[in-house]
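Please find one structure pasted underneath; my questions will follow.
Chain nomenclature is as follows: A, B, C, D and E, assigned in order of appearance, with residue numbering initiated at 1 for each chain independently.
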Amino acid sequence: EAGGGDDDDNEGGGGDGGGTIGLLLPEDRTTRYESFDRPFIEGKIGELCPDCTVQYNNASEDANLQKQQFDAMLTDGVDVIILDAVDASTTATWVEEAEAEGVPVVAYDRLAEGPIDAYVSYDNERVGELQGQALLDALGDEAEGSRVVMINGSPTDPNAAQFKSGAESVLEGTAEIVFSQDIDGWDAALANEEMNAAIDSLGADGFDAVYVANDGMGAGVINALEAAGINDVPVGGQDAELAGLQRIVTGVQTFTIYKALQPEAEITAEIAVRLLRGEDFAELTPDSADSPTNDGIPSTLLEPVPVTLDTIEDTVIADEFYAPADICTAEFADACQEAGLG
Amino acid sequence: MSDKLAPDPRLLVRERGLAGYLEDFRRRITGGELGSIPVIVGMIIIAVVFESQTGTFLSPRNISNISVYIAGPGIMAVGIVLVLLLGEIDLSVGSMAGLSAAVWAVLSVSHGVNDLLAIVLAILAGAAVGTLHGFFFAKIGVPAFVVTLAGFLGWSGLQIWVMGDEGTINVPRDSLVRDFNNFYFSDISAAYGLAAVLSLGYLGALLFQERRRERAGLPTRPLSEIILRVGLVAVAAFITAYTLNQHRGLPLALVIFLVILLAADFMIRRTTYGRQIFAVGGNAEAARRAGINVERVRLTVFTLASALAALGGLFYAAQAGGASKSLGSGNLLMNVIAAAVIGGTSLFGGRGWIWSALLGTLVIQSITTGLNLMGMASEIQYMITGAVLLVAVVLDSISRRTQRTAGRT
Amino acid sequence: MTAAPVLALHGVSKRFGAVQALTDVDLEIRPGRVTALVGDNGAGKSTLIKTIAGVHPIDAGSISWKGREVRISKPHDAQELGIATVYQDLALCDNLDVVANLFLGRELRTAHILDQVAMEREARELLDTLSIRIPSVRIPVASLSGGQRQVVAIARALVGSPEVVILDEPTAALGVEQTAQVLDLVERLRDRGLGVILISHNVADVRAVADDVAVLRLGRNNGVFPAAETSGEEIIAAITGATDNAVTRRSLRRDQQGSEAEPEQNTDAEGAGEETR
Amino acid sequence: MSDKLAPDPRLLVRERGLAGYLEDFRRRITGGELGSIPVIVGMIIIAVVFESQTGTFLSPRNISNISVYIAGPGIMAVGIVLVLLLGEIDLSVGSMAGLSAAVWAVLSVSHGVNDLLAIVLAILAGAAVGTLHGFFFAKIGVPAFVVTLAGFLGWSGLQIWVMGDEGTINVPRDSLVRDFNNFYFSDISAAYGLAAVLSLGYLGALLFQERRRERAGLPTRPLSEIILRVGLVAVAAFITAYTLNQHRGLPLALVIFLVILLAADFMIRRTTYGRQIFAVGGNAEAARRAGINVERVRLTVFTLASALAALGGLFYAAQAGGASKSLGSGNLLMNVIAAAVIGGTSLFGGRGWIWSALLGTLVIQSITTGLNLMGMASEIQYMITGAVLLVAVVLDSISRRTQRTAGRT
Amino acid sequence: MTAAPVLALHGVSKRFGAVQALTDVDLEIRPGRVTALVGDNGAGKSTLIKTIAGVHPIDAGSISWKGREVRISKPHDAQELGIATVYQDLALCDNLDVVANLFLGRELRTAHILDQVAMEREARELLDTLSIRIPSVRIPVASLSGGQRQVVAIARALVGSPEVVILDEPTAALGVEQTAQVLDLVERLRDRGLGVILISHNVADVRAVADDVAVLRLGRNNGVFPAAETSGEEIIAAITGATDNAVTRRSLRRDQQGSEAEPEQNTDAEGAGEETR
């Protein structure tokens, strides 16, 4: 189906002409969306379609606000919408509305329900599995029968549940989960308190590894471990945040999960531009995904990558996600030297 | 001389007729009694700025969307206005909205309870929660701020618990809740009819009242004032109706919101119960000494506020497309309270009107929608919303300052 | 003292924190009689009438209404019995207009819907009889002058049909004309057979309208006097508990004549006797 | 007789000596004047329950942790107490804490500004923000609720903007901010020394005051009362010191918090400025007529509250291990306000004390920590926190009810 | 009228919303003289003195202090000039104790630190001279009786050393003894050379202590009379603007003798003349 609404002034149509692509991202407090996803997508669209404009909105984790932003896109007459849903399971009616107006929707990162045209993502379950696996790997021989503390994401964030269940699926059987807590709003200070509670109730020797759902909370967790003088247990998060990478360099954090955002963003951008122009994009979506409402959605599912001290060079630095200079600021210069970075 | 006093010579009496009305109006304006004018002027400025920036702000589609969006927070704001009139606050309305959506969704979707029954039960759950708040506040004497702060935490915990393993429960296609967001009376006579009913009803009410006053020998408003007032209402109503008909017609959400506004307005201005609310908010001890059952007034107002929050929560679920663990968290609470205050209801009790729920919600929603249309970065949205909120009230405050009469201590 | 008391207090005590405001106070109010309640500042007059009005409960003692013991635990109870009270602090709702304050708790209405027109008309009539000029009955009482507010509070007591009217310093803020009107009003109430409690510091007014004068001193009874047969000096002596006080000294100084200011001694003795009882 | 009045015979005068003191105490308790007893009893119950459930709640390590956790919210609560004493509210403290952490982190870490200077600048930024709030409130007359609601939105937008591309910035190892969470005076003499200074200082202050009163011929407290009061303080101080020394010693965070508490307490109880705060909070118009510069008092209190929030934000960053875009959002604001209220400061102005910041924060933090130790699911945590918050205040409210004297209207 | 006025108002007008509370009012206060300001309820007395005290600004007219025109835009300005005011509504902070209220805005202190001991001692002395019993100077004024509160408000005006003292119905809630004390106090202030404005509805008190009587009627001047040479009836007639009023009718009824209540006609005429000027 060719893109472009029928009532908009800058008619998208076919060919190389311009148009408007709407980009809806779910939140603004973690680094990725504002610092990576958005610039990568905007950049790629600009490159592929210089006459295109991108209309951007961020929903600050508010599903209702995102619905209004979605409506605003339709009011503004955008030709294609890229949707990273706050709550992917409630979007069916929105997407139907867009479909009725002839505006195709690409689901980004989270599998939005409803008749979407394409889906590009990392698999959240998979992220969790990798996190669990990375912990077990770090424990090495001691993995069998090890005791793991889990500091999970927000109870109201559907992704958090997927991370958690992915990790559990790997850990269970091998390791024992001795403490598991969800943290409201992914709050690092609360994570710090929960970690202290874990240390207090289990004792400093009462656990062998710490699963922490993301790097943001990792800061608070590691703070608690250090304060208790515990520096020999593996700890890992996700997102490959700069602060997390720096901790990996100094050895206080063991791993993070790197979701190479650039390919994810750029593939999405390209699909969106092709939808705008009414071109075929089958070769961009080799996979297929099923949502509760729709089956056989053309998809690209990318593989997340665990990052440890040994693999920083080949992953985030190789991808130019961060330059060595970003990571190796004055404070970390020595540690970088030792690790052979920068 | 003392049995029938002459009118006070110091009272600057209004001339009869339109001239007198306008003169009186001018005097109020220059004296700083701006009433709701700042908000209305603010609304106009907001509309003009956004329209010039986006070209779509005043489109029928957007106006129609806004009229649907305001229903949920607006209904909740009506409850907050009532609570503010008491001089109290209810911090739990956001959590209550979320809890209500969860209750409805779990009952109706997961347990197969009849949809309408589930809606009623969700609202009753709200009423029960409000009664509980009212009990602790009115009977035990715990400050309402603390009671509802406990509620803010407790009910959102309960919401997450009620939702159980489901992160989100979708609104079924055939549910009335879906209609709260998606149903429009598409026959154009619906919108025009409502506009006509509102205008004529207002006219009738005014004429009836003035007739009675005249018969009782009390001062009356000039006919020209009545015509002017009704005229303004009619123009606003018909323009809105026309615009809505350009899109999909009259939204059910707007109808429900208007009915609630009219009912609440009637209640607080025309019934003894409403009078009691103002009295308790103005001076609770004086109200008690006048024989008013202060505890009952407080208890029932909190019941109403929570019930309205519960209803508002269903509109939220309708809009998002489902009930979730996070529905009602975030800025909802603050937005609803801000709406009531921006609309002109005092935080200190005893002063305000129901229509502030409409005006304030409209201002806040217009800003959000306008910024969405402009595709403003979210942190900039935060800052602009904060700034506009401030400006909206600054105008009012400045005018009140010039007028301030250094009343009693 | 012909009619049986409509309201009788017996042994009433009331404590606030560390202050024993009332100790073992008796008081009787009879229909068709005006009982003045007098006493020094802080003697406990307002505290006493507030216990009758249900503003705060009593710690000990009993209240009887027409011979039957009653419990007055909230203002509504007192109103139900037929007691209307004008408080010293007026107890008006500053945010409400004059009409709303006048009818607060007793609104005229059809079903639950207010009859604004009827209330406004009655309000105007009520205020006219008290010859007060109020710019408009539709402005909030917050913007009235002290005396205007007081008249509104007094007028409130006349809405409804009470059997006992309590007036706590009703003329304190009133002008000469309004004071005269209120005293007339008190007499009209008495003539209609109501029991009236009048608290006042103005001994002349008290002697002019009261039938009985009950004196409170330091939270205790200090005698009840028939107004007609008691001189102003005697009343003052019972109030202050001393014959030598600032009042006598002041008049002594001004009049330069000592004999007139010499009050009788027995009043004080009697009072002191009650006090240590 | 009129020149020198005898003491009022109705005053139930306290006997001299300990017996009189205890008698007076008993009279207050039975009369319902419980003061801070409900909170303290509540604390004890909380401690006993959690200790019996976890076995680690009263461990030196946990006590030490709690004493560090309370510093951040406690310092912010001191600011809120000041604002509440004015009869106002500051809804922006959470956003301000986040903004301050962002400002410090960006200056110090990203721009290499000297660490201490960056800390000072962050706090000054807080003061500037507070002054702005104060300006709109005190000079323009916008209700503080609205001003700080705008701030709540605006400053958190600015926080995100200041953080720029970074989601999180780590606290450097050598930063003073890290010490806010991690530094302990491990020499046991530090904790004991502080306990001794506090106890002796209190004793000295009381003795000095009573001496002056005696000389001026004013009623004095019996020596036994002084000994009892100082004794209680000393016991509490030394037990805490002993416990802290069992773990890592005296935390820097606690020292800073205590210094702020003592300074603020002195300020509001012993200086003209403090007196003015109470006066404005009790009756602003009366304060104005007494010649108090009401605007200045309001402006400076908001300045102080924001500066304290800024400092508190740095403690949060220290605890979280870094500044982030989401620091200070969530329930921080509500927890801080709840702390001040639970501790016994009225929401209605003019009544309260600084120590409510300590007591209230301690209650809330104890609940959170206890539930963390028990590994309670977070929705259950919400519900329990809500319930305990309510119970903590219910006790107080019931006692106040029995004592309520139906004061003036 | 020997000394030059310390304070002079000329052509002062003040409007509240639709009410023209003051129109073109003149007033002169001289040192060592007591000027009584009288008028009916709502005449504008409190509004007038509030403009002097800086509570609210005037719309038109001028205020001169010792011959120099001044702008009084806030209470602090008036205090700086040396004007102390006792308001009709007292303006106390209910949450503060008696001592704190007495010294509010003028705390005794070293540097910025309060000298609680000195303040408490002085407070006790001050209250003793006004012969009021207050249970304790350390209880919040909210729990005081009406008269006790009023005495606290009056005592406040004596802290510091004002040159003009304004008393708005200072004895309204006071007992006989306390009233006498306050009248003594007014005389002491006059004798110390202060200018005193006394608002009162009690014509006897006014005639007893005032040197001049300025009458306000419906927000306008209605004449200034020398107290010594003006009868109570004349003053009342100027206040009510009529010779036939509730007061005269009341005394007529009671005394059954018409001749005494017949006041002179010229006062009212003079008043009316000014009114229409």
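Note that in this section a contact is a pair of C-beta atoms (placed from the backbone, for glycine too) under 8 Å apart; a residue touches a chain by one contact, two chains touch by 3 or more.
Keep in mind it's a predicted model, so treat the numbers as computed, not measured.
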item: Mutual neighbours - chains that touch subunit A and subunit D alike; value: B
item: Which of B-E and B-C has more C-beta pairs touching across its chains; value: B-C
item: Chain of greatest Cα-centre distance to subunit C; value: A
item: Subunit D and subunit E: spacing of chain centres that average the CA atoms, whole Å; value: 44
item: Distance between chain centroids, defined by C-alpha means - subunit A, subunit B (Å); value: 39
item: Mean-CA-position distance for subunit D and subunit C (Å); value: 46
item: Residues of subunit C engaged with two or more neighbouring chains; value: 16-19, 55, 87, 89, 91-92, 131, 133-136, 143, 177, 181, 218, 245-246
item: Residues of subunit A engaged with two or more neighbouring chains; value: 28, 34, 155
item: In subunit D, residues with contacts to at least two other chains; value: 2, 8, 10-11, 160, 283, 285-286, 289, 331, 378-379, 405-409
item: Chains touching one another, given as label pairs in label order; value: A-B, A-D, B-C, B-D, B-E, C-D, C-E, D-E
item: Subunit E residues touching subunit B - in the complex, by the definition given at the top; value: 15-21, 23, 50, 55-56, 87, 89-92, 218-219, 242, 244-246
item: Residue numbers on subunit B that touch subunit A, as the complex places them; value: 54, 56, 59, 61-62, 65, 69, 72, 160, 167-168, 170-171, 178, 182, 316, 319-322, 324-327, 329-331, 368-369, 372-373, 375-379
item: Subunit E-touching residues of subunit D, taken from the complex the two chains share; value: 2-5, 8, 10-11, 209, 212-213, 216-218, 270-273, 275, 278-279, 281-283, 285-293, 349-351, 405, 407-408
item: Subunit E residues touching subunit D - in the complex, by the definition given at the top; value: 53, 55, 74-76, 79, 85, 87, 91-96, 100, 104-107, 109, 112-114, 116-118, 120-121, 124, 128-129, 131, 133-136, 142-143, 156, 177, 181
item: Subunit C partner contacts - residues on subunit D that touch it in the complex; value: 1-2, 8-12, 24, 27, 31, 33, 403, 405-406, 408-409
